Amino acid sequence: MPTFALGPNQYGKAETRIVRVVRGPGGDELTDLNVSVALRGDLAASHLTGDNSGVLTTDTQKNTVYAFAREHGIADIETFAARLAEHFVGGQPSIHEARVTVEQYPWLPVDGAHTFRRDGGEVRTATVHHGPYGTRTVSGVTGLVLLKTTDSEFHGYVKDRYTTLPETRDRILATSVNATWRHGGAADSATARQALLDAFADTYSLALQQTLFAMGSRVLERCPDVVEVKLSLPNKHHFLVDLAPFGLDNPNEVYYAADRPYGLIEGTVRRDGVAIPEEVVWSF
Amino acid sequence: MPTFALGPNQYGKAETRIVRVVRGPGGDELTDLNVSVALRGDLAASHLTGDNSGVLTTDTQKNTVYAFAREHGIADIETFAARLAEHFVGGQPSIHEARVTVEQYPWLPVDGAHTFRRDGGEVRTATVHHGPYGTRTVSGVTGLVLLKTTDSEFHGYVKDRYTTLPETRDRILATSVNATWRHGGAADSATARQALLDAFADTYSLALQQTLFAMGSRVLERCPDVVEVKLSLPNKHHFLVDLAPFGLDNPNEVYYAADRPYGLIEGTVRRDGVAIPEEVVWSF
Amino acid sequence: MPTFALGPNQYGKAETRIVRVVRGPGGDELTDLNVSVALRGDLAASHLTGDNSGVLTTDTQKNTVYAFAREHGIADIETFAARLAEHFVGGQPSIHEARVTVEQYPWLPVDGAHTFRRDGGEVRTATVHHGPYGTRTVSGVTGLVLLKTTDSEFHGYVKDRYTTLPETRDRILATSVNATWRHGGAADSATARQALLDAFADTYSLALQQTLFAMGSRVLERCPDVVEVKLSLPNKHHFLVDLAPFGLDNPNEVYYAADRPYGLIEGTVRRDGVAIPEEVVWSF
Amino acid sequence: MPTFALGPNQYGKAETRIVRVVRGPGGDELTDLNVSVALRGDLAASHLTGDNSGVLTTDTQKNTVYAFAREHGIADIETFAARLAEHFVGGQPSIHEARVTVEQYPWLPVDGAHTFRRDGGEVRTATVHHGPYGTRTVSGVTGLVLLKTTDSEFHGYVKDRYTTLPETRDRILATSVNATWRHGGAADSATARQALLDAFADTYSLALQQTLFAMGSRVLERCPDVVEVKLSLPNKHHFLVDLAPFGLDNPNEVYYAADRPYGLIEGTVRRDGVAIPEEVVWSF
């Protein structure tokens, strides 16, 4: 039997759902998270022979998430993720790198005391890598759905044999923002999120690519600690319905919101002329 | 070959996605709907022989939704649904009854001009039946996720051979409200929704059933035109994590948010001693 | 404060996920279910005052599902559901009616011993009501996706002001079958399912309504114990792509599979001239 | 205003749904795909100034997918993806690299003629990169859900302060296989898929990691053209239910199938001692 080599590998507990309540006289605080852990290290024996002596079980990882919430609290998701990542690497010789990803679901206070309403849709995210390179933090937001009713054109593009799209000087522009920003640990997420909103709103758009670059640039302008912004923007098409067969005009009023296919515009905006530590990306 | 009888049947176009923009100097208005139509009538021939002479196609129904948005606007989803339902019944002798269901996705203004942000999660609903009985309207809300950190007990229940649940004097109570309210056409949805929120928040709960009844009653109190409220409330369990194995206490602070199974509490609250027209329900 | 009346209500544990393995020398058997229980009865006190003395907790219901799988096995989902429903009603004076719904996920043997592969998509269902009227059983299948590449026409329908759909003598017909069949307890589900498949395949279709009636009739023909079949058939539209702008013809070869909107055709087929006990439907 | 740099970026049409029918006397053939295109190149102007003169629109990409299905047919998804990728790069000077991802939904013949049934769950995948490095192909399968009722142990792992998991000598092992295999263009997908199944079935497992390595190795053994296999295996936990409170034993018979959290085991297996061209990965 030929033998083969074990390449990059990782394992961990995904999607541990944790809700923490801090009770206080001025009203409770509610933190609602989904935590995923992935670990890398000296784990070949588990793959090759089923020897698990280097394996910190995913069940233990889950327990650690819950215990750390009680022992250390959850100041913010970046800090919580970093603490966990450092613990897993520092606590076990067989574990050399950890990636902790946290999704935070926002809630709104209802009565200022004990009742909350889930603020649906938008999710705050953080991914922390910890390893020989130190601690690297990427924060973000996903599911932030934005729409502009006008101030968006699209023309001047390549026409080839397969092109039928008419040029337009006025269209709806809509997207669901998936953004991450890489930073030194001190980025203010509310500021970054507001920058995304503002740039989307005030950029007169000739292409979603242009809006993307404006959004990334705005985050870099307002958040000095951010070195790079990644944006993944589905172009959620809204097609003007042809009402002429019914004897009606349609002056940019009635649209069909399509599901699929959709455009997908993705790009990176970076702070220029600054030494930026290389990003840690696990290719799975 | 034996012959069989055609029983209740209906057909229509489901999930027509329509976005309407009303443009104005003080900022645009955005209406984002998902419209489903179902029709009943003299449709046996289509089933028995494929004779479609009584069939108003689902494609035509879709076209009508778009055209009506332009011809008549969308004042509110109840009015829009009723207009469509009346049109389908009034316009074709073969169509005797129509049910139009509308989901409305809320958007928040971002800049007061042209930019909007999707207010995720919660959806406004309306279902209108039109037929020989006239027009019947049910309004509602779905996906309104609420949580109370305390003021919820659960005890005094039946114990049988299979009971292991310990009684509790303090638990998290969380649900995703699916509510509908039946009314004469003049119910204010914002008032009904606020009543649901307020009752959830200020009811000290001994059972989710008790909270359900309080929520329905509050809507009836504040909305004189509403005759009946239906509530379907999943009990989204949050279990206190046992941290004792790690030498930690857990004073109602760290919870595991479970996916499945979940309780499902459903009930109806009705205005008493009032003649209420019978509800139209299509059992599919 | 006005008082209001409690109308129809029910509660129970939804979506208890249970997997049962029967181990044997000739290979294991695997049963994979999702069980939902709903109970009705003398439950007003829980709603009005939070007095839970009549409440069999949803947690106990879950425990009972697991215990019954061990005590009684799972011969088939109809028997398992009926046993549970009868237990809940028989075991507690406050519980007068029970509805137990079971979804069964099919698995295929891989090695005839211990390994199985999930047969995705299609799900077998059963709903049992037990109450003063005895035990009523509805079996079914959902998620059975079928497509015919030809032998489907659509024409002769109403044309009104909003009609633009061209008639067709050859189209793709595709649907995802959601079917239930009401029976006396002895219906063979495999026979019913095969009847649905055969009728879909060999019916030359002038309307999806016609196919629906043929499918229901075929089940009644082959399953003497079945008294009624309900079918909910989304018309999953496949549109021929216009390739003429690219100098290409498209002889019914290349289609766009649309997501939304879709037609939804629903109907009932009944055994004629037979006394049929009334169906139990809980309107939530 | 500071200026920032545009980093890696790409754009394209995602999720174009195409169904192709090849009609023949011996029965039709049905191909059901979801095609996503992403392009890279000289696209800075679109981001910086909204100058779209280098942009091949995503609408044109969609048209090309449909037209190519007619012009060239779809022999297999790898060939179809490669032809598209090469066209986009070869046809436009501004486009330097293309990635085409295809999901194929399997259908089973019902009558050997015109009727098909969707084989749910499992999806075949292919991703082709084309650029200055030539054409690189990765094939795969996703959603292949497998379960073993026995022959799986888990013990000998690290115990730290947060470990409570008991060791086990017999457990259910279940996963949903997401696998990709990198190859020179001639890999037989059916062989690779069967290798995954066989290795899952006949590996006595001391860790899901061990099963993963065995699965990857088996693909490499049987598919000489494959140089690397990547596996992402969620550990879908099945917990033995404690029936002791009800006076019942549970000899590995009744399990609770949990949703979240789950383990996630990911790894790569490579052909050793062979020069392997570097993989193309776009980090978005």
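Read from first to last, the chains carry the letters A, B, C and D; within each, the first residue is number 1.
In the analysis below, a residue touches a chain if its C-beta (ideal position, glycine included) is under 8 Å from a C-beta of that chain, and two chains touch if they have at least 3 such contacts.
It should be emphasised that the depicted structure is a prediction, and the values quoted were computed from it without experimental measurement.
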| item | value |
| --- | --- |
| Neighbouring chains shared between chain A and chain D, ordered by label | B, C |
| Distance-maximising chain from chain C - centres being C-alpha averages | A |
| Between B-D and B-C, the pair with more C-beta contacts | B-C |
| Gap in Å, rounded to a whole number, between the CA centres of chain B and chain A | 31 |
| For chain B paired with chain D, centre-to-centre distance based on mean C-alpha positions, whole Å | 37 |
| Averaged-CA centre spacing for the pair chain C and chain B, given as whole angstrom | 22 |
| Residues of chain B touching at least two other chains | 17, 63, 67, 162, 164, 245-246, 259-260 |
| Touch list for chain C against partner chain A, complex | 161-162, 164, 245-247, 259-260 |
| Contact set on chain A toward chain B in their complex | 17-23, 28, 30, 32, 63, 66-67, 69-71, 107, 110-111, 113-122, 143-151, 172, 197, 200-202, 238, 241, 243, 245-246, 248-250, 252-259 |
| In the complex with chain B, residue positions of chain C that touch it | 1-17, 36, 38, 43, 46-60, 62-64, 67, 91-92, 94, 153-158, 160, 162-165, 205-207, 209-210, 212-213, 216-217, 220-221, 228, 230, 232, 234-235, 260-272, 279, 281, 283-284 |
